[in-house]
Amino acid sequence: MKMLINVPETVVDDALRGIAVAHPELVVDVGSRVVVRRDAPVAGKVGLVSGGGSGHEPLHCGFVGVGMLDAACPGEVFTSPVPDQMVRAAAAVDSGAGVLFLVKNYTGDVLNFQMAAELAEDEGVRVESVLVNDDVAVTDSLHTAGRRGTGATLFVEKIAGAAAEEGASLDRVAELARRVVESSRSFGVALGACTTPAKGSPMFDLPAGELELGVGIHGEPGRERRPMMTAREIADYAVDAVLADLNPRQPVLVLVNGMGGTPLLELYGFGAEVHRVLGERGVPVARTLVGNYVTSLDMAGCSVTLCQADEELLRLWDAPVQTPGLRWGR
Amino acid sequence: MSETALDAGFFLRWMTVAAASVDREAARLTDLDSAIGDADHGSNLQRGFAAVVKVLEAEPPQTPGAVLTTAGRQLISTVGGASGPLYGTLLRRTGKALGEAASVTADELRAALRSGVDAVAQLGGSAPGDATMLDALDPAVEALAASFAAAAEAAGQGAEATVPLQARKGRASYLGERSIGHQDPGATSSALLIAALAEAADQEEAK
Amino acid sequence: MKMLINVPETVVDDALRGIAVAHPELVVDVGSRVVVRRDAPVAGKVGLVSGGGSGHEPLHCGFVGVGMLDAACPGEVFTSPVPDQMVRAAAAVDSGAGVLFLVKNYTGDVLNFQMAAELAEDEGVRVESVLVNDDVAVTDSLHTAGRRGTGATLFVEKIAGAAAEEGASLDRVAELARRVVESSRSFGVALGACTTPAKGSPMFDLPAGELELGVGIHGEPGRERRPMMTAREIADYAVDAVLADLNPRQPVLVLVNGMGGTPLLELYGFGAEVHRVLGERGVPVARTLVGNYVTSLDMAGCSVTLCQADEELLRLWDAPVQTPGLRWGR
Amino acid sequence: MSETALDAGFFLRWMTVAAASVDREAARLTDLDSAIGDADHGSNLQRGFAAVVKVLEAEPPQTPGAVLTTAGRQLISTVGGASGPLYGTLLRRTGKALGEAASVTADELRAALRSGVDAVAQLGGSAPGDATMLDALDPAVEALAASFAAAAEAAGQGAEATVPLQARKGRASYLGERSIGHQDPGATSSALLIAALAEAADQEEAK
């Protein structure tokens, strides 16, 4: 598998140097692997910190900026970052109003953020953590690591970010973030596997004419393999999987997310099918976002995330945001 | 069990042998992880143990406990993923339990490892049988009562025993029943770690 | 090759329905294949119309909005649109101030826009056309169809769009657009071929361990094939190819463009290398944009576009823009 | 050359036969285009001629000239790409040259086709030898002086003669010398178009 890289070992550092030149509004500490908005800490504002393995760009580094994250901590490709990064980020963004860690539910992310929270508190930073776990392909039981955090992370970071920007307290921002988590569910599908620089070959074998249902964003295989389906059938399947676990009584935010390797042309067509199913199921749509936001390197495929949005969440969703990956308003 | 006193040099050797073994087996660990995980376990530990050796060589700690707590801290700071905090905690807690003694007995090491392994179980919320590193570590500590060689043997068997198990913790648990039939990468690297301990002990005897 | 589609025949219509649901600020006429900003025609404003084959998204439909295009005409995948579309678009956006056609230099686009211009003028719309031809991989001679239009299209649409938004006259906007064209050059590289829905298999065979230098954005093979190169080597090659044809005496705008199938992580790393070469060649950089903007379906690879920007061009580049694909300011 | 009067029915048949032939050969045209272009020539013409047949069936024009101008307009409105305006212009200009006569002779058709082909050359800025559709169309018009069959033969040979040529117009020109050794897709579809003309003439004679 050919990649646009120098050597696998420097992929993340190289990307951080690129982010630095493309986004002068961010401070990129390549050595420590922390990306911080340039005006941090913002006086009186709760600091939002997220992070996780690299390979999901624009998540998380591309969501640092006004109205979203204050800092992001990128790990190696598909490997959660180490506590030192989060501790440093927390120190950089804490204005005294406390810091919220937004953590995708993977054992590695959970453990590293947990250690970081302890260390940061030792240094006098007040830290709250919110776990994002939206992927209905994984059952949330005692006998699993629980639902994965995937597309809903974007909703949580955006909405919590807007609240923090407005000056909400740490408890309030954390409560809103938890509400978004509870209101959001996702389902993902792969048409082809991704290739990590370290491995250099596709992470799983997907024969021609088959697709993988219920994939995560780390190139893990899914739970079921089926003969290839049309966009229409995939939309039916994914939306129904989400609705089996989320019964929206309010209009939903819809994220039609590309995994990285699927052309935007196809993704828009898929978005139309998602809207069609939602209409057929009687679910009204408040807002729709289509694009490559929570990716899995060059994986071909898509995911659907729904978030049932009350008026407050909707207002915060619409609030201005200015990051490399998400921008509107003002 | 031999009553040889195990000094800081012994523990430094353990870590050096472990690092070499992880380096050698990195591709295999990553392959195992790609079958049921995200294909990074080998490179994660390679990066971590390389950093461990570097820091231990730069400023070799003077006591067994300090060797292991330093190594554990270094793993936490460089590995990431699930295995970083878990292996880091294993070594740190084991090292803490060894205290400040200049040398320790094998029995003291076994007791310390017990508390290290328990800390891993607590941090990970996991138990033997979940198809994780605990399936190699837990029987290894038991077998250490007999000998280092027996511990290595038990860890290897424990790793192999994860093949028919359904994973219940970590990334592999997402696969549900599809995780059955694969050897857990963390259990495999744990077997390497314990084998490295036995090899360090062999070298000690040969001295 | 698996695709997230229903049937190849409806791919463009399906995508247009998706664009409609995702972007209520655009009017999408699926039947006529015209996408227009909702407030068109804007009184007194020159109307900017572009278009071309589909498969390059977000170009062009994703660049319709305030500060950029007034309308876009998407053709079939990699096939230029038909004159009827441009005539309809021109009528929809003409406020009386005239319409500017921005045309990428491909025989099909040139001929269809040319016919459309004649027809629109017959209907009383004043039309000017500007040809974008920036790709240095193709020599501009009597014995070729001339340099292709690729990445510079984004610079032209953005800068001309900003001038039109400010109320510049048709002649003035056209003159600025031509200045951007003259000041811009591109070079593209493919690590893997793309697959069109109609063909269903990769457009060319690229063996493992080789890359294709000098590719366009239609899955055409390039001019040269070489053993695989590192990001560093590719950046050297691409930037030097551009600089052989453009000798910037002013700071440049840099577009580090992904072809669609290359992860953003890799693209940022490549961006860092592009900056390094430019530094080594003594070319100062004014602005850098990294991302998938002028794509070629799922082609793996990238292109580099440089535009030598005087103060006026730079000011217009920085002016506010609000489109699905490019957004900043205000 | 036969002096049969060619009426609107003949021209409708030409278009119908051409549409069927393009439909049958679409995959081959696209394959040729994928080697040196962008893999759409077959589907472009398929879409275009299907629309032509549809509009001609819905409201069959009454004169040869009207059949061709209608067909040409329809190609322009539905094909896109380079071939849409070029084939559209070919048929429109040929149709215009035929005027409003209810039927025309083969010689009149030949003269009209000449002006159609010249219009293509002018619009495309191209000449025979550039490895385009002109390499099939131009010799076909010349050979039409002898017979329809000779025209079809000349068009086929003209298409094959593009193989050793370096493309100088259209997308294939981007390949420079790499375009040598490939048959031009547009020349190939032009040969189909002229072969369809000959087939329509055969059917005419058989009546």
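Per-chain residue numbering starts at 1, and chain names A, B, C and D are given in the order in which the chains are listed.
The rule is simple: contacts are C-beta pairs under 8 Å (C-beta built on N, C-alpha and C of every residue); 3 or more make two chains touch, one makes a residue touch a chain.
In this text, all values refer to a predicted model and were calculated from it rather than measured experimentally.
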Partition of the remaining chains by touching, absent chain A: B | C, D
Reference chain A; chain at largest CA-centroid distance: D
Between chain C and chain D, centroid-to-centroid distance (C-alpha), Å: 32
Chain centre separation in whole Å, for chain D relative to chain A (CA means): 54
Euclidean distance of C-alpha centroids - chain B vs chain D, Å: 75
For chain A, residues contacting two or more additional chains: 77
In chain B, residues with contacts to at least two other chains: none
Graph class of chain-chain contacts, one of line, ring, star, complete, other: line
Which pairs of chains touch, using the document's own definition: A-B, A-C, C-D
Residue ranges of chain D touching chain C (in the complex, touch as defined): 30, 34, 36-40, 43-44, 47, 76-86, 123-124, 168-171, 173-176, 178
Chain C to chain A touching residues, read off their complex: 1-7, 10-12, 14-22, 54-55, 57-58, 62, 77, 191-192, 208-209, 211, 228, 230-232, 234, 256, 260-273, 275, 285, 288-290, 292, 295, 297-298, 300-302, 322, 327-328, 330
Chain C - residues contacting chain D, complex: 53, 75-84, 106-108, 111-112, 114-115, 137-138, 143-145, 148, 196, 198-199, 203-204, 216, 218-221, 223
